[in-house]
Amino acid sequence: MINYDAILEEIYHEVKPLVGEGHIADYIPELARISPQKFGMAVQTIDGEIFQVGDAAEKFSIQSISKVFTLTMAMQLEGDGLWQRIGREPSGTAFNSLVQLEYENGIPRNPFINAGALVVADIILSHLGDARQSVLDFMHRLCSETDIDFDHAVAHSERETGFRNAALANFLKSFGNLDNDPETVLDAYFHHCSLSMSCIEVARAGIYLANGGKLLGNGERIVRANQAKYINSLMLTCGTYDSVGDFAYRVGLPGKSGVGGGILAVMPQEFSICTWSPGLNDSGNSLAGTKALELFTTLTGISIF
Amino acid sequence: MINYDAILEEIYHEVKPLVGEGHIADYIPELARISPQKFGMAVQTIDGEIFQVGDAAEKFSIQSISKVFTLTMAMQLEGDGLWQRIGREPSGTAFNSLVQLEYENGIPRNPFINAGALVVADIILSHLGDARQSVLDFMHRLCSETDIDFDHAVAHSERETGFRNAALANFLKSFGNLDNDPETVLDAYFHHCSLSMSCIEVARAGIYLANGGKLLGNGERIVRANQAKYINSLMLTCGTYDSVGDFAYRVGLPGKSGVGGGILAVMPQEFSICTWSPGLNDSGNSLAGTKALELFTTLTGISIF
Amino acid sequence: MINYDAILEEIYHEVKPLVGEGHIADYIPELARISPQKFGMAVQTIDGEIFQVGDAAEKFSIQSISKVFTLTMAMQLEGDGLWQRIGREPSGTAFNSLVQLEYENGIPRNPFINAGALVVADIILSHLGDARQSVLDFMHRLCSETDIDFDHAVAHSERETGFRNAALANFLKSFGNLDNDPETVLDAYFHHCSLSMSCIEVARAGIYLANGGKLLGNGERIVRANQAKYINSLMLTCGTYDSVGDFAYRVGLPGKSGVGGGILAVMPQEFSICTWSPGLNDSGNSLAGTKALELFTTLTGISIF
Amino acid sequence: MINYDAILEEIYHEVKPLVGEGHIADYIPELARISPQKFGMAVQTIDGEIFQVGDAAEKFSIQSISKVFTLTMAMQLEGDGLWQRIGREPSGTAFNSLVQLEYENGIPRNPFINAGALVVADIILSHLGDARQSVLDFMHRLCSETDIDFDHAVAHSERETGFRNAALANFLKSFGNLDNDPETVLDAYFHHCSLSMSCIEVARAGIYLANGGKLLGNGERIVRANQAKYINSLMLTCGTYDSVGDFAYRVGLPGKSGVGGGILAVMPQEFSICTWSPGLNDSGNSLAGTKALELFTTLTGISIF
């Protein structure tokens, strides 16, 4: 029986000297204002327990972690047809590179690079008409609460400066891989990235990935069991930018990171976990957060490998 | 003494069977409507004579030939500072590729690929505020006439479908290599491409490149003699998309082509020449037009090599 | 309690219609002679039991599966210093591409692409002088038997036709990332690839990866427990050419394939497994073998996700 | 009437402060020993006159200038069939890059990058059996003298360290674009590069390119007039590594440079010219030599543009 409280305390103690190190994502002006001194961590077990430490209840900008949730929606809406428009292989290039897209005729390598998430947003738009409220509704359902919203200032800030994402959207459109117009897709995408949630909420939202595709409590099915496995495998092979090998090597769990400093990780049949600390390492993943997850799998002896 | 009239007649006769072959640029809906049966050719000598054959007086969309004229304006405005923001080497990749731009951090390889011409448009905008009327004024001055205008339907048509150019503009902006906003630059660029001129007008407009940088008649200076040489050398090494080697090999003159089927070529100290026929070869250059120029240098025995 | 015998029988029955489909690696003349009708599968549990079906006792050319074993040796010899010369990220390009190597200055993306395995062979050569007998000795130790050898005809055949690998070796040398001369490294590498083993032997040889780095029986340590995890994570993210995402998605186990039609897969704390069938799918992995593994994880309900 | 003697003297005077600047090609040990203080220049007119200044009579390693002469031989031997195996477009990448070759399936972009010259050497080998003596014979014929030879120490030195060229040769072979074995082709290629000639000899050897394909004196035809033009156009668009645009811009003549510090340039119907100074600029072309040619076209007012 694992003593999660003790382990989280030990991690908190060990990681503290690293908090504040690394760089903060400053290409989005709104994100640059966050204090680098934050650190939080929350574990949601499939038994329904939650353990936490530090700033685990404070909301932050989940950014690319949202790609896991919008991908889940797109899988519900589109099924395997999705993979006609997006690959599921690691990219081997930067998360916002245009090179791969050009060589592979507008098919993004996977749903976790920006180009792939833009296609995901396009799919949600085409099916549901609205890609803002429908995503909020989905997040509320996952968390069994309604206190989750976009940070419109962040979304606006990204739109103003997100020229590379605008390039990606127009490039996808030029290949015929967007059905909606680029501006609408970008607006949806930037809102998804601006979701503001706490570690506790992200861990709770992700528990269906550890629980065979079902919510805890009522056991409501979100996706099929094998789809949950698919999402986990995609997180492992494509979830942490250009350092998926290093992350798998050090942490050994499927994970998805965001430039806001959050990371969601999953241990199938056991737990979902979320860490947050704004300082990023050279690969764009939270420096203290990655270290915390590495300690977590070392101390618990739990990893998928 | 060359008998230009006889040579043009012979070319017209030989090239006729090719007119209508090739494909028409159909990615711009407005251009797709042009009859493929057109062929015109005009020679402007530095002695002030004009020779012509076929549809040489009919206006067509000069498209990328405009890049020669806007580059000339940017050289006037910016001097050598221009080369901080644009290279002058052949690209070795497609004219609208984003790959090179990514590997070289937003510096277009040369002013004749689309990315380079967008930076040129940006420079004109920054200096003159208006990049439409100022370009029209410049064309009127080069041709000593005021009957030259944009084809607004073509410009509008390109904006509606020009997602790859929109991607390029946003990409340049993300690297900090556009001062104005991407939409404004795109609007200017698409208008430049939509200039509607005849072979006679294009040949007349380009004569300063054969005449040491000066207009005929009043001898007004457009650019310095060495700048005219520079533009000619850029046309030779970068002017005909991904087939500059083949064009230099077959034609042996500096030339700049457009997807509307026009080609401007220059023989220093001798003449400027323009051909037009809408059918394009695999490299995107006018099929009959390239053949006509090849015959021209063969029959006259004149080429730079 | 899983009835492995029954499951292997069911898989054998279901997979049979696929055996013979796909293409055989014919770029190595010696491999092209193998009958496409072969299919074998063996499971080695950490309890010491072995289950098998079909041609599980027949020797085949393990080819790139050998990269797992030579990497293990290099980790023993060099420790973490290894990662100065080889990355551990998925490549996103073909397994024998030179492009990535050029853009990243001669550092192969991971030890499972050919360039990485050449550096691994170079490391073994530098430490042990001999990279043939030392590898044989290691394989004998892993399998507790001495009936494992190179197929010299295959090694010779590869050397005669392996111009792309010769290009890779010379390219690595030009970047200073080989200490020994390219010919010697190629000879070692082609011999490693030519190892001739049966499914039973490969599964037995790989059991240390499921058993925390230790052999069964005497419990002799091959690598540290965390090194075994590292190798498993590398197999998952980089082990199956350009379809690691698809393999993780369908099979859900760390795996390493070879063009001879073999695949080694590992379930930590449970078993190692080897399938063999020569027909390859478009990604270069055994078609029937991949299907067999997919069925195996479906029927047993065991996967890392 | 141009006073070549006076012009060469003036150039010599102006360029002297630059001689010794730049870097010497030190990747070939034998070349690294040359004194950087050398500067020579020779002009051969089609009237049969030779003008010279400085170290114009001293032999140096002509390196890639040899690609002009071997290409000429391949055109004689193979005619237009040559262009099935080599392109004639500028590469837009480094002269010894493997990237382009991979993307374009083993067809070198042009005969002046190393990969292209290896295919040229292969063609000579296939036709003549011997690619050493036959090239020497050709050089003797061009120069009407027999005092031209390979520098075997340089050839040997290049073979010992030329791993990137060995990578290129093996890569070409893997694509089926070499008929002979890579070692034999490399030996031929390195010998061609090691040709030791003076400025006077190189200028004399190249005069057929200015003279419509014929030798002076006996008027013996080397290639057809249009083939001579083709070679000139290839030199202009592909002859000076990754700075053909800059060279055309500044010098305005077809030219071919070598890392030994030599440059051959041609003015059709007028002259061939050779400069030599070992210090190279960032593009790998002779720093003082390029400046000397720039001054030459400025002072004489002669250029192709």
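Letters A, B, C and D mark the chains as written, and numbering starts fresh at 1 in each.
By definition in this document, a contact is a pair of C-beta atoms (placed from the backbone, for glycine too) under 8 Å apart; a residue touches a chain by one contact, two chains touch by 3 or more.
These numbers were taken from a predicted model, which means no experiment stands behind them.
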Original post:
Where centres are the averaged C-alpha coordinates, which chain has the largest centre distance to chain C?
Top reply: B
Original post:
Between chain A and chain D, what's the gap in Å when you average each chain's C-alpha atoms?
Top reply: 56
Subject >> Chain centre separation in whole Å, for chain D relative to chain B (CA means) >> reply: 32
Subject >> Interchain centroid distance [CA atoms averaged], chain C/chain D, Å >> reply: 47
Subject >> Contacts with two or more other chains, residues of chain A listed in rising order >> reply: none
**OP:** Would you please name all pairs of chains that touch?
**Re:** A-B, A-C, B-D, C-D
Subject >> Residue ranges of chain D in contact with chain B within the complex >> reply: 87-93, 100, 109-110, 228-230, 232-234, 236-238, 242-246, 248-249, 252, 254, 268, 303-305
Subject >> Touching residues on chain B, where the partner in the complex is chain A >> reply: 97-99, 102-103, 163-164, 166-171, 173-174, 182
